[in-house]
Every structure is written in C-alpha cells, then in structure tokens.
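Take a look at these structures.
In the two complexes below, subunit A is the common chain; its partner is subunit B in one and subunit C in the other.
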Partner chain A sequence: MNKTNTQHRLAKDRLMLWGVCLFATLTAVPLFAILGEVLLRGYDQLSWSFFTEPTPTAYKVMKAIEAGQSIPGGIANGIVGTVLMLSMASLVAIPAGILCGAFLAENSKNRFAQIVSYLTDLLQGTPSVIIGIVTYIWVVVPMRGYSAIAGSVALFVMMLPLIIRSTEETLKILPASLKEAGLALGGNRARVMLKVQLPAAFGGIFTGVLLAISRVIGETAPLMFTALGCSFIRWSIDKPISAVPLLIWEFFNDPNLQELIWGASLFLLLFVLTLNLLSKYLAKKWNQ
Partner chain B sequence: MTPILEFKKTCVSYTKQTMAVKYVSAAIERNTITAIMGPSGCGKSTLLRAANLMHDLYPNIRVDGEILLNGENILSMEPIDVRRRIGMVFQRPVPFPTMSIYDNVLSGYTLNGIRLDKTERDATVERCLRNVALWDEVKDVLNKKGTFLSGGQQQRLCIARALAMKPDVLLMDEPTSALDPIATAHIEELMQELQKEVTILIVTHNMGQAMRISSKSMFMYLGELVEYGDTDTMFSNPADERTRAYLTGKMG
Partner chain C sequence: MNDKLYKALLFIAAMVMPVVCGGVVYALATDAYAAFEHFGFLKFLTSSEWSYTEGAEQYGALPFITGTLMTTALALLFCIPFSLPVALFVGEYFKGTRIAAILSTVTDLLAGIPSIIYGLWGFYTLRPLIMALNISPQGSGVLTASLVLAIMIVPYAASLSAEFIKMVPNELKEGAYSLGATHAEVIRKVVFPVAGSGIFSSYILAIGRALGETMTVTMLIGNTNNIPESITSTGNSMASIIANQFGEADDLRLSSLIAIGLVLFLITALINMIGKIMIKRARIA
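This part shows the complex of A and B:
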C-alpha cells in the first residue's frame, strides 16, 4: 500500500465524516427552528392566569386590545379537558395494552396472536382522523352528543397499539432464563408473568406508556369529531369538552384570539418534551 | 427401595426427524450426586431439562418414554406440581432482578401463592441462606437487590431459592461454568453438604468437577447414554471405548 493511496482513503473518510455531520445537523434544524419560533412568540404569554383562566370571549379580547392591555384569559378549559380525557383513556389503555402485549410476547407462534399482532400494526398506522370519524359513529351518535367519553375512546384506541408494542418488545428482550427460573420454582405462567416478567420489564413498559401519552396529547383531528370543544372549565364526562390542541385550532380560526396560539403551543410542546426526556431518563436508569 | 428418579426409555426430540435424547434408561439413587458428562450437543442438558418438564414450554419439543419420581410418571403430572418437587439451577445465575435477596429466597412461595407468616419467612430465609453458606455474607443486606451480589454469590442465592421449596431432587445445568475457580470451589463444597438433604443431578463439562463431587456418573454421546456407573470406576476403567476416548481428551 503506497502513500498516495493511504492519503486518498483518508480523504474519503473525512468526506464521509463531513457528510454525516452535515445531514445530522440538517435534521436538527427543523426541531430547533420550531422550538425557537414557539418559544419566542409564546414566552411572554405564559403567566399564572394563562393556566388558571378559561378562554376569553371575543368581546373581552377586543376591549382589552382597545385599552392597550395584554389579552386576558388562558387555556385552563383545554388543560382540564386534556387531563380528564387522557386519564380516562390511560385507565383502560394501560392495563389492556399490557395484558395484550404480554399475550403476544408469550404466544408469538400462536395463530390468533399473530393475527392480533398484525392488527396492532394496522391500528398503529391508521390515520387519526379515521379513528375520530369511526368513534363519532360508535359513541357520539348513540350518545346523541359530543362528550369527553367519546374523546377518550378515540385517544384510547390510539394509545392501545403503542402500549401493546412496547410491552411486547420489552418482554421479548428479557432473557428466557428469567421466565424458566420462575417456572422451575413451580409457578404457573400467570404468576411468573405478574411477579417476575412484568416487574423486570417495568422500565420499558413505563417508557412506552409515557411515549403513548405524549403521542396522543397533541392529537387534534379525532377530538374534533368527539370532544368538540367548550369555552369554559367543565369536569363532566358526558358533555362536550375542550382540549389544548383543540384550542390551538380554535384560536387560529378566530382573528381576535390568534395571539393565544403561541402560549398554548408552547405549553403543549414543553409538556411533550418533558415526557420524552423523562421516558429517556427512565429507560436509561432501568437499563443500568 | 424405589429409586428417587428413574428415566425409562426417555426420548426427547426437537424435530420429527432427529432425536436429541435416545432411549435413555437410568435409575438415580437417593441422596447422591450424579454427574452427566459428554461433549457439546450430546443431549445432556436436554435430558436434565426433561426431568422438570422444561420442554413443556416449547410446543415443538416431544418427550417420550417415562420419567418416574418416586415411582410416579411425571410426564402425566401437572408441571407446576413436578417443578415444586424437582428444583433447577441454571448455567447463569438468574436472581429475579426486581426482588431483594430476602424476597428472592422466598420467591418459590410467592410464585406458588403460598403465604407464610413473618416468623416462618425469616426462619426460611435464614435456614436456606445458611444452607448455601451465604448467610454471614448477606445477613445485613437482605433488602438489597439480588443482582448486587457477585456471580458466585448470585448462584448460591439461586440454589438457596431452589432449596427453599424443599425439593426431592435438584437439577443443576453446568452451575459453575460462568463462575471463577474460587466461587466454583465454594459451590462444589456446598453440593457435598447438600446431598444429605437432596438428590443432585448435575450436568458438567468439567471432568475434574465430576470426579471431585459425584459418586455416580453418566456418559452421553450423540443422545445415547453410553455408560452409567460409579464415578471412580468410570474414570479408572471405563467400559466403553467412547467413554475412554472422551475422558482421555481424544474426543469432545
């Protein structure tokens, strides 16, 4: 191997390195651009009242603008709706998803499990707007009205495949010896799953649940068909209710309220970011 | 007296065409250590795992013939009943990662849904950890996770966990192959003590280990039980040419 050849190879190596760095930076650009934009525009809207007061009426906003004051009111109605619907959806989706994931992980050769597994993939890929319209037919029409229940059904359907998959994948990477050791002590499969496998997989499953929540918290389309929206704080589950992403859409459509878009967006973005960082941290801690 | 464990024409097959264990018949004597030796892939682990119905977990694996525990065929018994009476220690120590040392020892009871009161639990933990000579090392850290222990200590914890169920037979699948020589010596010493209480069947790659600890030995080759007899006799004067070749290092 002569010297020029070596130089040539090193040059190619450097070229590749620069290429990799360039494209890695390019992917980070949109993220930081979005974060920066939302942060700059939304930062001065964040105040205590923004989180405790419901959406202002257009009249109040106009008066405030005339008087040269900042826009009153906030997104408390949206936060309450989001929390309420997410809690109801999680309450059902977490146990159902974990049990289904455990079934899939344990019976990967079973014909029924293979069908369920395939359907889970399909469900994960189903556009959220379709889940919304189907929930409308299933829940809103028979109940004769939009409601928080309908909204949480839509969110539940969206969370389910994410929790199933993460539970299944985490259980599958546990060493087989763990399950065998449990069974070798005379435990039945359900007990070994409950006492040994699921606790050992807790970190991964919890991460999956957090990611599922952060995935559906920003969903707007399915809630338009189901929760509809509401301009005041409401805790009842059988009435139309607001949600933070719904508010962003409403603010966008009302010229008087457009200023509020950025505060609501910033809140949603920070919430999702926190959940993501938290899940990363937990996954890391669990792997140690 | 009926042997505690007896293989009668036991066959295990992973696929329809090939048998991993072929018509093995052997009676295991009570309160002895019996070593199963043979080159890799000879079916020794497969035979051992048949004795506590581990193959039941994998629907493709077939076990034929009979395996008698105190004269009763385990192949027609409920796996959870069999496994409670025939314990198993694996090649790599597998303490349950989310349980403390204390809970690991008692995990057999937890997994069988048996409730013990506090004094019984404390007594069982101490007895079992003393049995495996681990008590003095861990008595102050019983609430720590079992995974904090060294490899050798973890393996002794796993043995304690199996002993807590008071099994008739303890199956050991190369229990020291992942351990250093000092930890291995500890475990070997321990097995000598334990044979007073429990019958041990151990798969080992290490001929020195078989010679040191076992009174009976089996030599398996290509799924067949070639030779079964007193360890001393087998090492000094093997009956079969294949056994001699293996023991002198010409094969395997």
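This part shows the complex of A and C:
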C-alpha cells in the first residue's frame, strides 16, 4: 500500500517534469513556424530592386500579370517613410525620454514623480490603435490632412514611455557612491549627471532605445490614421507617406499585390528580430 | 549649468507625461461626446445595433465589447497551458541554465514579432488549417483570432511569472524537500502558493495586452458587426472595428468609433493599474 503510494507520487513528479518540458518546447514552435513561412515565401522576392523601387501602380501590375511576369517594384517608398518618421520621432523622444527618466530617478520619493511614473505605465499600456486615433485628432484634423509629421507624433508617443522606463531603471541601479563621488569632487548635479551618471548608464539607455525602435517599427495601427500611405518615394514631411508595415497592410488588402507581402514581411521581421537580439547581446556585454 | 536650471529642465521634461496623457484623455473625451450625447452613455454601451443607413444611424458598442471580452478570455485560456510551463522551465526546473536562457530568448523574440506578421501567419497558415479541420466554414472568427492572440501574450505572462517563481526563497523549498516532498509537490504546495499573487498579476498584464491588440484581430476575426453567437462565429473587437472603419467614417460614426476607443482606453487603463498595484504588492511580500 505504502509502496504503491510512493510510486504513484514519483510517477506524478515525472509526469509533471515531462509535461513542463513538452509544453515549454511547444511554445517555441510558433516562432520557427512564422520565421520559416516568411523566409520560404519571401526570400526569392528580395533583390536589389525590391529595396530601390517604389510600389508598382495598378497599371504596371496589370501589364505584368498579362505578360505573365512577376510583379515589378518594391518597398522603397515604405523604407523611406519608416526611416523619415522614425528619425523625427527619435529626435524628440530620445532626449525627452532620457531627461524625464533622469527626473524620475532623481526624485523617486517625490509625489509629482510618482504621478509621472504612473502615467508612464498608463501610456505604455495604451493600445496603439488609440494612439492612432488621438494623433489623428491632435495633428491630422488641425492640419487638414494626413502627413509624415502626424505619423512621427504617433511613433513619438509610443516610444516615449519605453525610453523613460529604461533610462530610469538604468540610472537607479547605478551605485549611489558614483554620484556621491562626483558631488564630493565639487561637481554640481547637472555636471555629475552629464559627465558621470549618463556615461555610466549609456549601455542600458542605448539598449532601451534600440528596443523602443524595434517595438514601434512594426506598428501598423497608429500609422493607418496618421501617415495613411503613399505609393511613391516622398521626402516631404507635410504630405501622406508610407511605411513598411503600412505597405504590408496594403498588399494584404489588394489581391493584385499579394505576391509582395512576403518580401516586405521578411525584411521587417529580420530587421526587428536582429534589433532585438542585438540589444539583448549588448545589454549582456555591458553588464559584465 | 547651475542646479536650479538643471532642476527646471528635468521638471519641464517630466511635464511631457502629464501633458501627453491629459491630451489623450481630453481628445478622446471631447470627440466621443457627440456619440454619448446622441445615444446616451448607457444605451451606447448596451445597444447591439451598428448601422449607417443615412437618417437612421444607430451605433452601439455591445457587439464589439462582447467580441473583445470573448477574444481576450479565450486567448487567456489558451495561453495558460503554455506560459505556465515556460515560467516553470525558466524559473524553477532549469533555473539559470543555458537552455533556460535559450527558451527565454525565444519567448522574447516572440514578443518582438510585429502584430501584422502574426496576422499574416494566422491568415495564411492557421485559417486554412481551421477550415480543413471543419471547425468553421469561413476559417476566420473569434477562435482563430484568440489562438494567435494567445501566442502573442505567452511571452508577457511567462517572463513575469518566471521572475516571481525565481524569487521563491530556497529555504522554503528545501524545507519541503527535507520532509520528503517530490519536485512536483514542492511546486504545487510551496512555489505556487508563495508566487501565486505575482503569477496572477502577470496574467492581468497579459490581459491588458490582449484587450487592445489590433492588427492580428482585425485580420482574423472576420469583421462582422454582430454579437458572436459562438466561439467559431465571426465578429469584431473594439480595436478591430476602429481599425476597419475609422478611415472611412465621419460625423456621428466617427464620434461613435472614438467613443469605443475611449471605453477601450479606460478598460485597459483599469486592468493595467490593477496589475501594477498587484505586482508592487507581490514584490514587497
């Protein structure tokens, strides 16, 4: 009786171990399934012209289909739009985020800082589609039109809380003696922050920025109502503009352009995953 | 730069947050006002009519609230059997080993995949599978959307749960082992009770993610403006109706969509706040 009871318990223990291993491994399956599908369906579309030519017009697509050729053109208009909007958003979000993060790290006990910290969480949790609506109300309505500026405002709002958090957390784990030594040498707070704390925290802040970029670069919903999309390469900031995820959405909805989905997705996916791995690697390297 | 100027600069930067968040609430509230005024707040939330026939416009949010609740609940249900093993694998069984680091990198990468690519995968791989298995004739629907949504929230639930499982003090576990408990029993009787509130809060935050997920759901839920009758029916979530119709809407419909946005914003804010408070408590305890 006692012996079978023990055997029963040991069997349960083994079952649990194998169950955990099995289901944990199964979780990795979707990553490889998605990567595999995008890779297999997209790799033969990637060519030099895919990155240098804009989306083909409906007329060009029709002619190519009639002639039995593969669809011409690429995603250059999307790449230009993504680069343009992301740089404008970063230009404001990175300094503002770092300063705000520094404020939170320096005044963690202060009531106002606690409110700001709570609001950062709130904004970080806000669904991206709502950021899209709000930016539409803020920028598109007063400017009477969709524009690259509107798109970058949406990206800015999404990046800000991510950069604030990573800056705050990195500054907070710096040893207090570092700051104290700087102050003891006669530096004022601004000088110590600029010459001691920020350089020491550079690694953490930099990886935080990389992660923030990788998080927003694939965002589609907030750009649909702000940047809208545009089928040719454009550098002006007050006109509608395209972005790589927006193009994927357009290709998905246009039966004629579905061939182009996978090349664009492969490019986006590889870019995002590389940024992710890079930031993880850098974080590990700089922590040692 | 003197201290005063420095403090002022940081303060101004910190003011960005209240200004942006205030701006979000103000923009949503003022533009949603027309819909609430026209239909009445409660009636807007409980009406299931969504028709834009001119002259007899009727907009109600109930089908989309139902759609969001259904997809979120199902996604949570499908996510638990995978995220909990991952958390135990990384935080308990293989804590600190190379293989655990690899698995957590894999889940981190899953979190990094853009939602539009999840949508594509769901549409071109999962949807045909669901049709082939005769689960639903059109393939898209609440179930399809929830399955992909579940994969998307696994990383969030798993990494945070693992963190709490790791924090369970060794002395407690060793005490149980010394009394003859097996590893499975230690997990059930020691790890779960101690890390329970932390694990629970990680699922609350995962719910917060699932509620607002837009592109994946838009591509997979089937986009019909009715209350889903079963889990294989088509429908729309609050985020997907906005993504679908915002671009073409004006006047009352636009205001109704913004009103749905406001409701979604408030729900996610509430869920996230509860989650954060619980996490803070679990960390202190």
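Going forward, the second predicted complex is superposed on the first by the 269 of 288 C-alpha atoms of A that agree within 3 Å, B and C clash if a C-alpha of one lies under 4 Å from a C-alpha of the other, contacts with A are read in each partner's own complex, and residues count from 1 in each chain.
Quick note on the criterion: contacts are C-beta pairs under 8 Å (C-beta built on N, C-alpha and C of every residue); 3 or more make two chains touch, one makes a residue touch a chain.
Everything numeric in this text was worked out from a predicted model, so none of it was measured.
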Joint occupancy of subunit A by subunit B and subunit C, clash or fit: fit
First, second, both or neither for A:Asn188, with subunit B first and subunit C second: both
Superposition-derived angle with apex at the Cα centre of subunit A and sides reaching subunit B and subunit C, degrees in steps of 10: 100
Touching partner for A:Gly218 - first (subunit B), second (subunit C), both, neither: second
Partner chain(s) touched by A:Ser242 [first = subunit B, second = subunit C, both, neither]: neither
Touch count on subunit A, higher of subunit B and subunit C: C
Contacts of A:Pro127 with subunit B and subunit C, given as first, second, both or neither: second
Subunit B versus subunit C as contact partner of A:Asn77, first or second or both or neither: neither
Subunit B versus subunit C as contact partner of A:Ser90, first or second or both or neither: neither
Touching partner for A:Leu99 - first (subunit B), second (subunit C), both, neither: second
Where subunit B and subunit C come nearest after superposition, their Cα distance in Å: 9
Footprint overlap on subunit A, where subunit B in one structure and subunit C in the other make contact: 188, 191
Of subunit C, residues touching subunit A in the complex: 1-3, 5-7, 9-11, 13-14, 16-18, 20-21, 23-24, 27-28, 31, 81-86, 88-90, 93, 103, 105-110, 112-121, 123-125, 151, 154, 158, 182-185, 187, 208, 211-215, 219, 239, 242-243, 246-247, 257-258, 261, 264-265, 268-269, 272-273, 276
List of subunit A residues in touch with subunit B within their complex: 109, 175, 177-188, 191-192, 195-196, 199-200, 202
Touching residues (chain side subunit B, partner subunit A) in the complex: 52, 54, 57, 59, 79-81, 83-84, 87-88, 90, 92, 94, 96-99, 107-108, 110-113, 158, 161-162, 165
Residues on subunit A engaged by subunit C in the complex (per definition of touch): 9-10, 12-13, 15-17, 19-24, 26-28, 30-31, 33-34, 37-38, 96, 99-100, 102-104, 106, 112-113, 115-116, 118-123, 125-134, 136-138, 157, 160, 164, 188-191, 193, 214-215, 217-221, 224-225, 245, 248-249, 252, 261, 265, 268-269, 272-273, 275-277, 280
